Amino acid sequence: MGTERINDTRRNFLRKSAMLAGTLLATSVTKPFTAVIFAANQPDKTKPWYGIGIDIEKCIGCGNCAKACKLENDVPKEPFYFRSWVEQYAIKNDGTVKVESPNGGIDGFTQTVAAEDIFKTFFVPKMCNHCAKSPCTQVCPVGATYESPEGIALVDDKYCIGCRYCIQACPYGCRYLHPVKNTVDKCTLCYHRIKKGLSPACVEVCPTGARIYGDLNDKEGLLNKFLKEHHCHVLKPNLNTGSKLFYNGLSAEVR
Amino acid sequence: MPPQLKTLLPLLAVFICIFLVARHFLIPESFGKYGHYRADSMDETAAIPINYVGKEACAECHDTETAKLASDLHSVLSCEICHGPGALHVADAEKGILLKPGTREFCGTCHSINPARRTEVINQIDTKEHHPEKDNCIDCHNPHAVWELKE
Amino acid sequence: MEHLYEMLKQVDGYIYPNEIELHWGILIVLYPYITGLVAGAFILASLERVFKIKVLRPTYHLALLTALSFLIVAILPLVTHLGHPFRAYEIMTTPQVGSAMAIFGFVYLWYLMVVLLLEIWFDYRHDLVVWADQSKGFKRRIYKILTLGVTDISPKALAWDEKLGYIVTVIGIPSAFLLHGYVGFIFGSIKANPWWSTVLMPVIFLLSAMVSGIALVMFLYMIISWIRKVKIDMACLDEIGKFLFMVLILDFTLESLDQVHRIYEAEESFEILHMLVNGKLNITLFVFQGLMGTIIPLVILGLFRMYLPKEKIRIPMYFLVSNLVLFGVFFMRWNVVIGGQLFSKSFLGFTSFKLGMIGAEGFLMALVWMIMPFLILSFILWLVPPWKKHSE
């Protein structure tokens, strides 16, 4: 009787430790994948974790952000390459939506819908959302685009092979193939500026303060204040991209 | 062991070895320091020179204009909105030519009437109908202190 | 860049400014098409070997060699399409595990080196040794090299060939599924694109791959028999026709299911996809892919199940069917790859795609990539003709 029980516990012990080892093995195998799925939050709370806030109510559609972005970052001047652009939405009384962005808004806008047809109209500045669960960096086959420790999606133009998979994977259309470099190019949140303590060029030139950028880890910071005081939305929340570009006053029609 | 495998297995081993050696030399040095990417590329991106220098830099030499701008409603504007990126000019004032636009189109990018613009945020005028007696906006308004009207 | 200005004028509705340029053109249409042919041809070959469907014997080697010659080419349009083709090795040295594309290099190499080449090698080793003895000069040297120095043709060694070859084929079936299912996953996993993003995508890709691969072998078998002036084995052809019919039904069912599901769920993207399907993809989807590539072959093959006409009618009919299917599956790839990029991710408009004649992404280049595997196949058939095999 006694020995049997001992045997039994021993067997149990063996079984348990085998199970434990198995789980450990399984988790270590799946770990790289869970990292892909759950990498939503900045692990190191002491370092900055950048986000952007845009107040649609304040935007006057002057296009200076798009213009400054091109001049600051040497983006090709042709109207097919934008790191940042502005859209003019006009929702007509009959419910149809008209969106325009001539040359990304750099040359300014004119309202093309007759005033009496307009139900409402507004500007939506667009740029990289610097998603926390970036669908674009997820698909890069070689690790040439990545999320920096500060939460900024960057492209390594010396390593990019130009397969353009990330362009397909970005739901917001924020990436393009640089026609000269033949590598993918995108908003860096003016990484070269914020590292020097300056604000991104688009934020710098905005005449109405419609753009805010800041550290999401800094609970007293400008961006968190903005998020607290306004009801903000992100674009395409259904895709669960973990977007860190927050809009105040975002209309449901905006995609 | 079958004779086929006696040849194939060493061949496979050679392939794998060549691959591993090649891989060792082909992976950039800083790759994988923080994550699956070349850590140096962040420093390279950070090292790009800036073009927009900001108001403070202009203030060093143009204190009158800066003070003027701060005195009125255009105080919210950056000098470089109108004058263009100033890094070159700051480095060499003679060379870096800056823009000085004061035309109706230019001021109109912000001030022309558009229902998408809120009047609370910015006052709008019809750029064609508003005081058509002068060609350019700056013929009346001082761009730096907008309510300083020339007559 | 002129063509982009041209396209700017043809934009319909609103698209994000970066979306004017279509990033994946005809070369990326060819990539799933060609890999599909490979996977399909291989699966047909394994039907004979693993599932012991002996009537298919006349096409067994042909199917394998076809798979090989198409696989060699499959990677080329992909690499030339890259912005930096010389950096392509990075996909092997630093594959990013989160990416569906990253393992491509390994899957490809595995399939080429471990599955196809090995299976063919085991299959031909005996003949290579014999041929090396019989021929002289250049050809003899090639045969010698191809044996890799394993010249033992004792019955024991030959039995090993058979056994190892069988094992490789068994491994090869899931590998072929992997190779092509995975190509489907590259598209199916892009949540940003509602036209691509469906769990069924890998399965649909796989089934259409089998359809196209089987049709290709059918087509080649008829052509080669005609060139060699030998009689077509009708039992074999009918059997291939039967399998084609079966897989075609499955393929058609699943693709229809996918569409029905989209229509019934009618998600956010439904309106734009509805416009896409009825507008820009109208002809390529309904006429080329649906009617010509699926319905007509289904009807013909279905009729053959009920009533088998004389050989004289069946042969041209099979010829027609195989061509139609190959044509249809090409447009299936087209509709996926190009179609998925024609509408804006803002769901508010369309860009357009114009296939140029010249240039690395042009029609002529695509044609070259499409003809190349046939040239390689002719060379391989000349070098190691299955009909001269010692063991047959």
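Of note:
Letters A, B and C mark the chains as written, and numbering starts fresh at 1 in each.
Please note the rule applied: contacts are C-beta pairs under 8 Å (C-beta built on N, C-alpha and C of every residue); 3 or more make two chains touch, one makes a residue touch a chain.
On a predicted model such as this, the values are computed, not experimentally measured, just so you know.
Chain-to-chain contact here is organised exhaustively, every possible pair of chains being in touch. Two chain pairs, A-B and B-C, are compared here, and A-B has more C-beta pairs in contact (counted per touch definition above). Per-chain CA centroids place subunit A at a distance of 36 Å from subunit C. Inter-chain spacing, taken between the CA centroids of subunit A and subunit B, is 18 Å.
With each centre defined as the average position of its C-alpha atoms, the distance from subunit B to subunit C rounds to 46 Å.
Looking at subunit C, residues 90, 94, 96-97 sit in touch with two or more other chains. Residues of subunit A in contact with two or more other chains: 143-144, 159. Contacts with at least two other chains are made by residues 31, 36 of subunit B. Across the interface of their complex, subunit C is touched by residues 2-8, 11, 15, 19, 22-23, 26-27, 31, 36 of subunit B.
Per the touch definition, subunit C reaches subunit A in the complex via residues 1, 4, 8, 14-21, 23-24, 81-85, 87-88, 90-91, 94-102, 104, 186, 189-193, 268, 340-341, 344-348. Residues 28, 31, 34-38, 41-42, 44-52, 54, 76-78, 80-81, 84-85, 105, 108-110, 112, 114-118, 121-122 of subunit B are the ones touching subunit A in the complex.
Here subunit A touches subunit C in the complex through residues 32-33, 35-36, 78-82, 85, 87, 97-101, 104, 126, 135, 138-144, 159-165, 167-177, 179, 181-184, 238-239, 255, going by the rule given at the top.
Of all residues in subunit A, those touching subunit B in their complex are 57-58, 60-64, 68, 71-73, 88-90, 107-111, 115, 118, 121-123, 143-149, 154, 156-159, 188, 191-193, 195-196, 198, 201, 204-205, 207-209.
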